[in-house]
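Next come two complexes built around chain A: one with chain B, the other with chain C.
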Partner chain A sequence: MKVSKLAEKTSWNVYGDPKKFDKEIEGVYVGDLLSWVMGHGKVAQAWLTIQSHANVLAVASLKEFSCLIICENDGLSTEFIQQVLDEEVLVLTTSLSIYDVCKKLIELGV
Partner chain B sequence: MMQDIAMYILDLANNSLYANARNINICLIVDRQVDRLQLSISDDGQGMEDFIVEQATDPFYTTRKTRKIGLGLAFFKALADQCDGEFTLKSKKGVGTTVMIDIRNSHIDTPPIGDLSSTLITLIQADDLVDYRFTYRYDHQEFEFDTRKIKSMLDDVKINELNILLWIKEFLSERINELQEGKR
Partner chain C sequence: MMKYSYVINKDDYINAGKVSSQIKKILKELNVRPDILRRMAIACYEAEINMIIHSFGGEITLVIDNKAEFIFKDIGPGIKDITLAMKPGYSTANERARELGFGAGMGLVNIKKVSDEFNIESSTKGTILTLRFDLL
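Up next is the complex of A and B:
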(Lines of atoms letter the chains of each structure in order from A and count residues from 1; the text may use other names and numbers.)
(Lines give C-alpha, C1' and ligand atoms only; values in the text may rest on other atoms or scores of the structure.)
Protein backbone atom coordinates (compact mmCIF):
# COMPACT_ATOMS: atom_id res chain seq x y z
CA MET A 1 0.00 0.00 0.00
CA LYS A 2 1.17 3.51 -0.74
CA VAL A 3 1.61 6.05 2.05
CA SER A 4 -0.96 8.30 0.36
CA LYS A 5 -3.52 5.49 0.45
CA LEU A 6 -2.83 4.83 4.13
CA ALA A 7 -3.27 8.51 4.90
CA GLU A 8 -6.55 8.49 2.99
CA LYS A 9 -7.86 5.36 4.73
CA THR A 10 -7.08 6.60 8.23
CA SER A 11 -7.78 9.92 9.84
CA TRP A 12 -4.21 10.26 10.99
CA ASN A 13 -2.46 13.61 10.71
CA VAL A 14 0.00 13.90 7.89
CA TYR A 15 3.19 15.94 7.65
CA GLY A 16 5.61 16.20 4.77
CA ASP A 17 5.70 17.01 1.10
CA PRO A 18 2.41 15.76 -0.51
CA LYS A 19 4.26 15.01 -3.74
CA LYS A 20 6.30 12.33 -1.98
CA PHE A 21 3.37 10.41 -0.60
CA ASP A 22 3.22 7.86 -3.37
CA LYS A 23 5.92 5.79 -1.67
CA GLU A 24 5.07 2.12 -1.30
CA ILE A 25 5.01 0.71 2.24
CA GLU A 26 6.83 -2.60 2.34
CA GLY A 27 6.34 -4.02 5.79
CA VAL A 28 6.34 -2.49 9.22
CA TYR A 29 8.92 -2.05 11.94
CA VAL A 30 8.09 -1.23 15.56
CA GLY A 31 10.54 0.08 18.15
CA ASP A 32 11.69 3.01 20.25
CA LEU A 33 15.31 2.09 20.88
CA LEU A 34 16.94 4.01 18.06
CA SER A 35 20.17 2.04 17.82
CA TRP A 36 18.12 -1.15 17.58
CA VAL A 37 15.93 0.31 14.86
CA MET A 38 19.09 1.40 13.04
CA GLY A 39 20.34 -2.16 13.10
CA HIS A 40 17.13 -4.01 12.29
CA GLY A 41 14.78 -1.78 10.30
CA LYS A 42 14.62 -2.24 6.54
CA VAL A 43 14.23 0.10 3.59
CA ALA A 44 10.64 1.08 2.71
CA GLN A 45 9.13 -0.17 5.95
CA ALA A 46 6.69 1.98 7.87
CA TRP A 47 8.19 2.66 11.29
CA LEU A 48 6.04 2.90 14.41
CA THR A 49 7.38 4.71 17.44
CA ILE A 50 6.14 6.95 20.23
CA GLN A 51 9.12 9.27 20.03
CA SER A 52 9.09 12.59 18.24
CA HIS A 53 12.42 14.36 18.12
CA ALA A 54 15.16 15.08 15.62
CA ASN A 55 17.03 11.80 16.15
CA VAL A 56 13.95 9.87 15.09
CA LEU A 57 13.82 11.77 11.82
CA ALA A 58 17.52 11.15 11.24
CA VAL A 59 17.02 7.42 11.70
CA ALA A 60 13.94 7.42 9.43
CA SER A 61 15.89 9.27 6.78
CA LEU A 62 19.00 7.07 7.02
CA LYS A 63 17.02 3.86 6.91
CA GLU A 64 14.89 5.18 4.04
CA PHE A 65 11.68 4.15 5.72
CA SER A 66 8.62 4.82 3.59
CA CYS A 67 7.02 6.68 6.47
CA LEU A 68 7.16 7.29 10.17
CA ILE A 69 4.02 6.74 12.22
CA ILE A 70 4.20 8.49 15.57
CA CYS A 71 1.77 6.80 17.93
CA GLU A 72 0.17 7.99 21.18
CA ASN A 73 0.79 11.50 19.97
CA ASP A 74 -1.15 14.58 20.92
CA GLY A 75 0.62 17.13 18.79
CA LEU A 76 4.04 17.87 17.38
CA SER A 77 6.18 20.88 18.19
CA THR A 78 6.51 23.47 15.42
CA GLU A 79 10.26 22.89 15.49
CA PHE A 80 9.76 19.20 14.83
CA ILE A 81 7.30 19.88 12.00
CA GLN A 82 9.84 22.17 10.36
CA GLN A 83 12.47 19.42 10.64
CA VAL A 84 10.04 16.95 9.06
CA LEU A 85 9.72 19.27 6.06
CA ASP A 86 13.46 19.94 5.88
CA GLU A 87 14.40 16.29 6.01
CA GLU A 88 11.75 15.11 3.59
CA VAL A 89 10.47 12.39 5.90
CA LEU A 90 6.82 11.42 5.64
CA VAL A 91 5.20 11.50 9.04
CA LEU A 92 1.78 10.37 10.20
CA THR A 93 0.61 10.94 13.74
CA THR A 94 -2.20 9.44 15.74
CA SER A 95 -3.33 9.25 19.33
CA LEU A 96 -3.76 5.47 18.98
CA SER A 97 -1.39 3.14 20.81
CA ILE A 98 1.22 1.22 18.84
CA TYR A 99 -0.85 -1.93 19.33
CA ASP A 100 -3.97 -0.29 17.91
CA VAL A 101 -2.00 1.12 14.98
CA CYS A 102 -0.68 -2.40 14.28
CA LYS A 103 -4.22 -3.76 14.30
CA LYS A 104 -5.32 -1.01 11.90
CA LEU A 105 -2.41 -1.70 9.56
CA ILE A 106 -3.17 -5.42 9.52
CA GLU A 107 -6.84 -4.66 8.85
CA LEU A 108 -5.81 -2.53 5.89
CA GLY A 109 -3.54 -5.27 4.61
CA VAL A 110 -0.21 -3.44 5.03
CA MET B 1 18.70 5.26 22.14
CA MET B 2 21.29 2.53 22.70
CA GLN B 3 20.87 -0.61 24.78
CA ASP B 4 23.60 0.04 27.29
CA ILE B 5 26.43 2.30 28.40
CA ALA B 6 29.04 0.00 26.87
CA MET B 7 27.52 0.60 23.41
CA TYR B 8 27.93 4.35 23.86
CA ILE B 9 31.56 3.83 24.83
CA LEU B 10 32.18 1.75 21.72
CA ASP B 11 30.52 4.25 19.45
CA LEU B 12 32.21 7.31 20.91
CA ALA B 13 35.65 5.68 21.04
CA ASN B 14 35.16 4.84 17.36
CA ASN B 15 34.72 8.55 16.70
CA SER B 16 38.05 9.10 18.48
CA LEU B 17 39.71 6.47 16.29
CA TYR B 18 38.26 8.11 13.23
CA ALA B 19 39.83 11.36 14.43
CA ASN B 20 43.20 9.55 14.48
CA ALA B 21 43.54 9.62 18.25
CA ARG B 22 46.49 7.77 19.76
CA ASN B 23 45.39 8.09 23.36
CA ILE B 24 41.83 7.59 24.51
CA ASN B 25 40.72 8.03 28.09
CA ILE B 26 37.46 6.48 29.14
CA CYS B 27 36.18 7.32 32.57
CA LEU B 28 33.01 5.89 34.06
CA ILE B 29 31.82 6.93 37.50
CA VAL B 30 28.76 5.47 39.16
CA ASP B 31 27.97 6.94 42.53
CA ARG B 32 24.79 5.60 44.05
CA GLN B 33 24.94 7.87 47.06
CA VAL B 34 24.70 11.08 45.04
CA ASP B 35 22.75 9.14 42.41
CA ARG B 36 24.85 10.14 39.41
CA LEU B 37 26.40 8.31 36.52
CA GLN B 38 29.16 10.09 34.63
CA LEU B 39 30.85 8.96 31.49
CA SER B 40 33.58 10.82 29.71
CA ILE B 41 35.66 9.97 26.70
CA SER B 42 38.58 12.17 25.83
CA ASP B 43 41.11 11.81 23.08
CA ASP B 44 44.10 13.47 21.47
CA GLY B 45 42.67 13.17 17.99
CA GLN B 46 42.48 15.89 15.39
CA GLY B 47 39.72 17.78 17.20
CA MET B 48 37.01 19.86 15.63
CA GLU B 49 36.58 23.48 14.61
CA ASP B 50 34.11 25.43 16.77
CA PHE B 51 31.44 25.50 14.09
CA ILE B 52 31.61 21.72 13.75
CA VAL B 53 31.31 21.27 17.52
CA GLU B 54 28.06 23.22 17.32
CA GLN B 55 26.70 20.91 14.64
CA ALA B 56 28.12 17.67 15.98
CA THR B 57 25.06 16.74 18.00
CA ASP B 58 22.70 17.65 15.18
CA PRO B 59 21.65 14.22 13.90
CA PHE B 60 21.34 15.53 10.36
CA TYR B 61 24.85 16.90 10.25
CA THR B 62 26.34 13.43 9.94
CA THR B 63 23.60 11.83 7.88
CA ARG B 64 24.32 14.07 4.92
CA LYS B 65 27.80 12.88 4.19
CA THR B 66 29.50 9.53 4.14
CA ARG B 67 28.53 8.87 7.74
CA LYS B 68 31.91 7.78 9.00
CA ILE B 69 30.82 9.32 12.26
CA GLY B 70 27.44 7.95 13.23
CA LEU B 71 24.62 9.18 15.32
CA GLY B 72 26.47 8.36 18.53
CA LEU B 73 26.97 11.93 19.69
CA ALA B 74 23.37 12.86 18.95
CA PHE B 75 22.17 9.80 20.88
CA PHE B 76 24.58 10.53 23.72
CA LYS B 77 23.20 14.03 24.09
CA ALA B 78 19.64 12.73 23.91
CA LEU B 79 20.46 10.30 26.73
CA ALA B 80 21.51 13.21 28.92
CA ASP B 81 18.32 15.12 28.09
CA GLN B 82 16.25 12.05 28.87
CA CYS B 83 17.88 11.14 32.20
CA ASP B 84 18.01 14.44 34.12
CA GLY B 85 21.51 15.03 32.95
CA GLU B 86 23.96 17.26 31.25
CA PHE B 87 25.97 16.80 28.12
CA THR B 88 29.30 18.47 27.46
CA LEU B 89 31.32 18.43 24.27
CA LYS B 90 34.64 20.23 24.16
CA SER B 91 36.98 20.11 21.24
CA LYS B 92 39.97 21.98 19.96
CA LYS B 93 41.37 21.61 16.49
CA GLY B 94 44.71 19.86 16.66
CA VAL B 95 44.39 19.08 20.37
CA GLY B 96 41.56 16.64 20.90
CA THR B 97 38.00 16.14 21.98
CA THR B 98 36.24 15.42 25.26
CA VAL B 99 32.66 14.33 25.46
CA MET B 100 30.88 13.79 28.74
CA ILE B 101 27.51 13.11 30.26
CA ASP B 102 26.40 13.33 33.84
CA ILE B 103 23.01 11.70 34.37
CA ARG B 104 20.80 10.50 37.21
CA ASN B 105 21.80 6.91 37.90
CA SER B 106 18.40 5.84 39.20
CA HIS B 107 16.46 7.43 36.32
CA ILE B 108 14.18 4.84 34.77
CA ASP B 109 15.60 5.49 31.30
CA THR B 110 19.23 5.20 32.38
CA PRO B 111 20.45 2.14 30.48
CA PRO B 112 22.32 -0.71 32.16
CA ILE B 113 26.12 -0.66 32.08
CA GLY B 114 26.42 -3.56 29.65
CA ASP B 115 29.46 -5.60 28.77
CA LEU B 116 32.40 -3.30 29.43
CA SER B 117 35.14 -5.90 29.10
CA SER B 118 34.01 -7.02 25.63
CA THR B 119 33.74 -3.42 24.53
CA LEU B 120 37.26 -2.63 25.70
CA ILE B 121 38.64 -5.75 24.05
CA THR B 122 36.94 -4.81 20.78
CA LEU B 123 38.68 -1.45 20.93
CA ILE B 124 42.08 -2.76 22.03
CA GLN B 125 42.27 -5.42 19.34
CA ALA B 126 41.48 -2.98 16.55
CA ASP B 127 44.80 -1.14 16.64
CA ASP B 128 47.82 -1.84 18.82
CA LEU B 129 49.16 1.68 18.26
CA VAL B 130 46.28 3.26 20.13
CA ASP B 131 46.43 3.40 23.91
CA TYR B 132 43.49 3.34 26.26
CA ARG B 133 43.12 4.32 29.85
CA PHE B 134 39.92 3.07 31.39
CA THR B 135 38.96 4.31 34.82
CA TYR B 136 35.90 2.89 36.48
CA ARG B 137 34.78 4.20 39.81
CA TYR B 138 31.84 2.49 41.44
CA ASP B 139 30.73 4.16 44.67
CA HIS B 140 34.01 4.44 46.56
CA GLN B 141 36.05 1.83 44.79
CA GLU B 142 38.12 2.48 41.74
CA PHE B 143 39.71 0.37 39.07
CA GLU B 144 42.13 1.62 36.48
CA PHE B 145 43.33 -0.14 33.40
CA ASP B 146 45.99 1.23 31.10
CA THR B 147 47.18 -0.44 27.90
CA ARG B 148 50.56 1.29 28.30
CA LYS B 149 51.14 -0.65 31.52
CA ILE B 150 50.24 -3.90 29.80
CA LYS B 151 52.49 -3.10 26.87
CA SER B 152 55.42 -2.36 29.19
CA MET B 153 55.10 -5.92 30.52
CA LEU B 154 55.02 -7.44 27.06
CA ASP B 155 58.30 -7.89 25.27
CA ASP B 156 58.07 -8.93 21.67
CA VAL B 157 54.39 -9.68 21.81
CA LYS B 158 51.72 -7.35 20.53
CA ILE B 159 48.85 -6.43 22.81
CA ASN B 160 46.31 -7.52 20.22
CA GLU B 161 47.55 -11.08 19.92
CA LEU B 162 44.84 -13.55 20.76
CA ASN B 163 46.26 -15.06 23.95
CA ILE B 164 47.02 -11.61 25.36
CA LEU B 165 43.54 -10.39 24.52
CA LEU B 166 42.00 -13.42 26.18
CA TRP B 167 44.02 -12.77 29.28
CA ILE B 168 43.04 -9.08 29.35
CA LYS B 169 39.40 -10.00 28.81
CA GLU B 170 39.41 -12.31 31.80
CA PHE B 171 41.27 -9.82 33.94
CA LEU B 172 38.88 -7.01 33.04
CA SER B 173 35.75 -9.11 33.58
CA GLU B 174 36.98 -10.18 36.98
CA ARG B 175 37.89 -6.71 38.18
CA ILE B 176 34.76 -5.10 36.78
CA ASN B 177 32.55 -7.71 38.43
CA GLU B 178 34.30 -7.26 41.75
CA LEU B 179 33.75 -3.54 41.53
CA GLN B 180 30.08 -3.81 40.60
CA GLU B 181 29.37 -6.35 43.29
CA GLY B 182 30.53 -3.72 45.73
CA LYS B 183 33.29 -5.59 47.48
CA ARG B 184 34.40 -2.58 49.43
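Up next is the complex of A and C:
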Protein backbone atom coordinates (compact mmCIF):
# COMPACT_ATOMS: atom_id res chain seq x y z
CA MET A 1 0.00 0.00 0.00
CA LYS A 2 1.13 3.52 -0.78
CA VAL A 3 1.63 5.93 2.13
CA SER A 4 -0.86 8.30 0.48
CA LYS A 5 -3.47 5.52 0.55
CA LEU A 6 -2.78 4.78 4.20
CA ALA A 7 -3.14 8.46 5.04
CA GLU A 8 -6.43 8.53 3.18
CA LYS A 9 -7.80 5.35 4.82
CA THR A 10 -6.99 6.39 8.38
CA SER A 11 -7.82 9.58 10.18
CA TRP A 12 -4.24 9.91 11.35
CA ASN A 13 -2.55 13.31 11.18
CA VAL A 14 -0.11 13.69 8.32
CA TYR A 15 2.94 15.95 8.26
CA GLY A 16 4.55 16.39 4.86
CA ASP A 17 2.79 15.91 1.54
CA PRO A 18 2.00 12.19 1.01
CA LYS A 19 1.52 12.80 -2.73
CA LYS A 20 4.99 14.25 -2.98
CA PHE A 21 6.47 11.14 -1.44
CA ASP A 22 3.97 8.60 -2.77
CA LYS A 23 6.05 5.74 -1.47
CA GLU A 24 5.06 2.10 -1.29
CA ILE A 25 5.07 0.68 2.25
CA GLU A 26 7.03 -2.55 2.22
CA GLY A 27 6.53 -4.04 5.65
CA VAL A 28 6.57 -2.57 9.11
CA TYR A 29 9.19 -2.17 11.82
CA VAL A 30 8.38 -1.38 15.45
CA GLY A 31 10.85 -0.01 18.00
CA ASP A 32 11.98 2.88 20.15
CA LEU A 33 15.66 2.04 20.60
CA LEU A 34 17.32 3.97 17.80
CA SER A 35 20.41 1.88 17.21
CA TRP A 36 18.28 -1.27 17.28
CA VAL A 37 16.06 0.21 14.58
CA MET A 38 19.18 1.36 12.75
CA GLY A 39 20.52 -2.19 12.77
CA HIS A 40 17.33 -4.09 11.96
CA GLY A 41 14.94 -1.82 10.05
CA LYS A 42 14.74 -2.15 6.26
CA VAL A 43 14.32 0.29 3.40
CA ALA A 44 10.70 1.28 2.62
CA GLN A 45 9.26 -0.11 5.82
CA ALA A 46 6.80 1.94 7.86
CA TRP A 47 8.40 2.61 11.24
CA LEU A 48 6.24 2.66 14.35
CA THR A 49 7.56 4.38 17.45
CA ILE A 50 6.40 6.52 20.33
CA GLN A 51 9.44 8.80 20.05
CA SER A 52 9.03 12.25 18.54
CA HIS A 53 12.25 14.25 18.32
CA ALA A 54 14.83 15.24 15.73
CA ASN A 55 16.92 12.06 16.10
CA VAL A 56 13.98 9.90 15.10
CA LEU A 57 13.72 11.91 11.89
CA ALA A 58 17.42 11.44 11.21
CA VAL A 59 17.06 7.67 11.57
CA ALA A 60 13.91 7.57 9.41
CA SER A 61 15.62 9.60 6.71
CA LEU A 62 18.92 7.69 6.76
CA LYS A 63 17.14 4.33 6.70
CA GLU A 64 14.82 5.52 3.91
CA PHE A 65 11.71 4.32 5.67
CA SER A 66 8.56 4.94 3.62
CA CYS A 67 6.98 6.72 6.58
CA LEU A 68 7.22 7.25 10.30
CA ILE A 69 4.11 6.52 12.35
CA ILE A 70 4.29 8.14 15.77
CA CYS A 71 1.89 6.28 18.05
CA GLU A 72 0.34 7.19 21.41
CA ASN A 73 0.85 10.80 20.47
CA ASP A 74 -1.30 13.72 21.43
CA GLY A 75 0.31 16.50 19.50
CA LEU A 76 3.70 17.38 18.07
CA SER A 77 5.67 20.46 19.05
CA THR A 78 5.85 23.19 16.40
CA GLU A 79 9.60 22.81 16.51
CA PHE A 80 9.32 19.14 15.61
CA ILE A 81 6.80 19.85 12.83
CA GLN A 82 9.25 22.30 11.30
CA GLN A 83 11.99 19.66 11.46
CA VAL A 84 9.69 17.16 9.72
CA LEU A 85 9.21 19.61 6.87
CA ASP A 86 12.97 20.20 6.64
CA GLU A 87 13.85 16.50 6.51
CA GLU A 88 12.52 14.34 3.72
CA VAL A 89 10.37 12.23 6.00
CA LEU A 90 6.67 11.63 5.91
CA VAL A 91 5.18 11.50 9.39
CA LEU A 92 1.81 10.20 10.53
CA THR A 93 0.64 10.59 14.11
CA THR A 94 -2.16 8.99 16.07
CA SER A 95 -3.22 8.63 19.69
CA LEU A 96 -3.69 4.88 19.15
CA SER A 97 -1.33 2.48 20.91
CA ILE A 98 1.32 0.69 18.86
CA TYR A 99 -0.73 -2.50 19.23
CA ASP A 100 -3.85 -0.84 17.83
CA VAL A 101 -1.88 0.72 14.98
CA CYS A 102 -0.51 -2.75 14.13
CA LYS A 103 -4.05 -4.16 14.11
CA LYS A 104 -5.18 -1.36 11.81
CA LEU A 105 -2.26 -1.91 9.44
CA ILE A 106 -2.97 -5.65 9.28
CA GLU A 107 -6.65 -4.93 8.67
CA LEU A 108 -5.68 -2.68 5.77
CA GLY A 109 -3.38 -5.37 4.38
CA VAL A 110 -0.08 -3.55 4.90
CA MET B 1 40.71 12.20 -4.13
CA MET B 2 38.09 14.09 -2.16
CA LYS B 3 38.19 14.98 1.51
CA TYR B 4 35.40 16.26 3.73
CA SER B 5 35.68 17.33 7.37
CA TYR B 6 33.06 18.11 9.99
CA VAL B 7 33.23 19.27 13.59
CA ILE B 8 31.11 17.44 16.18
CA ASN B 9 30.22 19.02 19.52
CA LYS B 10 29.57 17.29 22.81
CA ASP B 11 25.90 16.95 23.79
CA ASP B 12 24.74 18.61 20.57
CA TYR B 13 21.54 16.55 20.45
CA ILE B 14 19.73 19.12 18.30
CA ASN B 15 22.13 18.59 15.41
CA ALA B 16 22.64 14.88 15.96
CA GLY B 17 22.54 13.09 12.62
CA LYS B 18 22.96 16.25 10.53
CA VAL B 19 26.49 15.43 9.44
CA SER B 20 25.47 11.89 8.50
CA SER B 21 22.60 13.26 6.43
CA GLN B 22 24.93 15.67 4.68
CA ILE B 23 27.46 12.93 3.97
CA LYS B 24 24.72 10.70 2.64
CA LYS B 25 23.70 13.43 0.19
CA ILE B 26 27.29 13.77 -1.02
CA LEU B 27 27.61 10.02 -1.51
CA LYS B 28 24.36 9.95 -3.42
CA GLU B 29 25.59 12.67 -5.74
CA LEU B 30 28.78 10.68 -6.27
CA ASN B 31 26.56 7.78 -7.38
CA VAL B 32 27.75 5.40 -4.68
CA ARG B 33 25.85 2.12 -5.01
CA PRO B 34 22.65 2.30 -2.89
CA ASP B 35 23.42 -0.73 -0.72
CA ILE B 36 26.93 0.56 0.06
CA LEU B 37 25.57 4.03 0.68
CA ARG B 38 23.07 2.64 3.17
CA ARG B 39 25.77 0.78 5.08
CA MET B 40 27.90 3.91 5.16
CA ALA B 41 24.98 5.99 6.42
CA ILE B 42 24.32 3.56 9.28
CA ALA B 43 27.97 3.52 10.34
CA CYS B 44 28.38 7.27 10.07
CA TYR B 45 25.23 7.95 12.05
CA GLU B 46 26.15 5.60 14.91
CA ALA B 47 29.69 6.97 15.14
CA GLU B 48 28.47 10.57 14.97
CA ILE B 49 25.98 9.95 17.78
CA ASN B 50 28.64 8.23 19.88
CA MET B 51 30.84 11.32 19.60
CA ILE B 52 27.94 13.53 20.66
CA ILE B 53 26.72 11.49 23.60
CA HIS B 54 29.92 9.85 24.87
CA SER B 55 32.84 12.11 23.91
CA PHE B 56 34.02 15.65 24.55
CA GLY B 57 33.63 16.33 20.83
CA GLY B 58 35.82 15.88 17.81
CA GLU B 59 36.01 15.67 14.07
CA ILE B 60 34.68 13.45 11.30
CA THR B 61 36.78 13.11 8.16
CA LEU B 62 35.70 11.30 5.03
CA VAL B 63 38.22 10.56 2.30
CA ILE B 64 37.03 9.14 -0.98
CA ASP B 65 39.14 7.79 -3.81
CA ASN B 66 38.62 4.26 -5.12
CA LYS B 67 37.40 3.40 -1.63
CA ALA B 68 35.87 5.43 1.19
CA GLU B 69 37.55 5.98 4.53
CA PHE B 70 35.93 7.52 7.59
CA ILE B 71 37.95 8.80 10.53
CA PHE B 72 36.06 9.68 13.70
CA LYS B 73 38.48 11.34 16.06
CA ASP B 74 37.50 12.78 19.41
CA ILE B 75 39.34 14.42 22.27
CA GLY B 76 38.38 12.06 25.09
CA PRO B 77 37.52 10.71 27.60
CA GLY B 78 38.24 7.50 25.69
CA ILE B 79 36.86 3.98 26.03
CA LYS B 80 38.31 2.10 29.01
CA ASP B 81 37.57 -1.41 27.81
CA ILE B 82 37.01 -1.70 24.07
CA THR B 83 36.13 -5.41 24.22
CA LEU B 84 33.37 -4.60 26.69
CA ALA B 85 32.19 -1.60 24.64
CA MET B 86 31.88 -3.86 21.59
CA LYS B 87 29.55 -6.27 23.39
CA PRO B 88 25.93 -6.07 22.22
CA GLY B 89 23.86 -4.39 24.92
CA TYR B 90 26.75 -2.73 26.77
CA SER B 91 26.11 0.97 27.25
CA THR B 92 27.10 3.77 29.58
CA ALA B 93 24.59 6.18 28.00
CA ASN B 94 23.17 8.61 30.55
CA GLU B 95 19.52 9.15 31.45
CA ARG B 96 19.05 11.99 28.98
CA ALA B 97 20.40 9.94 26.07
CA ARG B 98 18.28 6.94 27.06
CA GLU B 99 15.11 9.01 27.15
CA LEU B 100 15.74 9.87 23.50
CA GLY B 101 16.12 6.21 22.56
CA PHE B 102 19.90 5.93 22.61
CA GLY B 103 21.71 3.42 24.78
CA ALA B 104 20.71 0.04 23.36
CA GLY B 105 24.41 -0.74 23.27
CA MET B 106 24.14 -1.67 19.60
CA GLY B 107 25.95 1.24 17.90
CA LEU B 108 29.46 -0.20 17.69
CA VAL B 109 28.03 -3.64 16.84
CA ASN B 110 26.09 -2.09 13.95
CA ILE B 111 29.15 -0.19 12.74
CA LYS B 112 31.32 -3.30 12.73
CA LYS B 113 28.64 -5.32 10.96
CA VAL B 114 28.21 -2.88 8.06
CA SER B 115 31.82 -1.79 7.46
CA ASP B 116 34.41 -3.58 5.31
CA GLU B 117 37.26 -2.64 7.65
CA PHE B 118 36.90 -1.55 11.25
CA ASN B 119 39.59 -0.26 13.56
CA ILE B 120 39.24 1.43 16.91
CA GLU B 121 41.92 2.84 19.19
CA SER B 122 41.32 4.63 22.42
CA SER B 123 43.10 6.26 25.33
CA THR B 124 42.11 8.93 27.84
CA LYS B 125 43.23 11.46 25.20
CA GLY B 126 40.56 10.29 22.82
CA THR B 127 39.14 7.67 20.53
CA ILE B 128 39.95 7.15 16.87
CA LEU B 129 37.58 5.00 14.88
CA THR B 130 38.64 4.25 11.31
CA LEU B 131 36.28 2.60 8.84
CA ARG B 132 36.74 1.58 5.25
CA PHE B 133 34.19 0.79 2.60
CA ASP B 134 34.87 -0.76 -0.77
CA LEU B 135 33.01 1.20 -3.39
CA LEU B 136 32.65 -1.55 -6.00
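Just so it is clear, the second predicted complex is superposed on the first by the 107 of 110 C-alpha atoms of A that agree within 3 Å, B and C clash if a C-alpha of one lies under 4 Å from a C-alpha of the other, contacts with A are read in each partner's own complex, and residues count from 1 in each chain.
Following the convention adopted for this analysis, a contact is a pair of C-beta atoms (placed from the backbone, for glycine too) under 8 Å apart; a residue touches a chain by one contact, two chains touch by 3 or more.
It should be emphasised that the depicted structure is a prediction, and the values quoted were computed from it without experimental measurement.
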| remark: So, after the overlay on chain A, do chain B and chain C clash or fit? They clash
| query | Given the touch rule stated above, what does A:E64 touch, chain B (first), chain C (second), both, or neither? | reply | second
| request: Look at the residues of chain A and decide whether chain B or chain C touches more of them. | output: C
| field | Partner chain(s) touched by A:V43 [first = chain B, second = chain C, both, neither] | value | second
| query | So, does A:S35 touch the first partner chain B, the second partner chain C, both, or neither? | reply | both
| query | Overlap of the chain B and chain C footprints on chain A, residue-wise? | reply | 33-36, 38, 53-55, 57-59, 61-62, 87
| Which bits of chain B are touching chain A when the two form their complex? | 1-3, 7, 58-60, 63, 67, 71, 74-75, 78
| chain A - residues contacting chain B, complex | 33-36, 38, 53-55, 57-59, 61-62, 83, 86-87
| request: Under the touch definition given earlier, write down the residues of chain C that touch chain A in their complex. | output: 13-14, 16-18, 20-21, 24, 38, 41-42, 45-46, 49, 100-107, 109-110, 113
| message | With touch defined as at the start, can you tell me which chain A residues reach chain C in the complex? | response | 32-36, 38-39, 43, 49, 51, 53-59, 61-64, 87
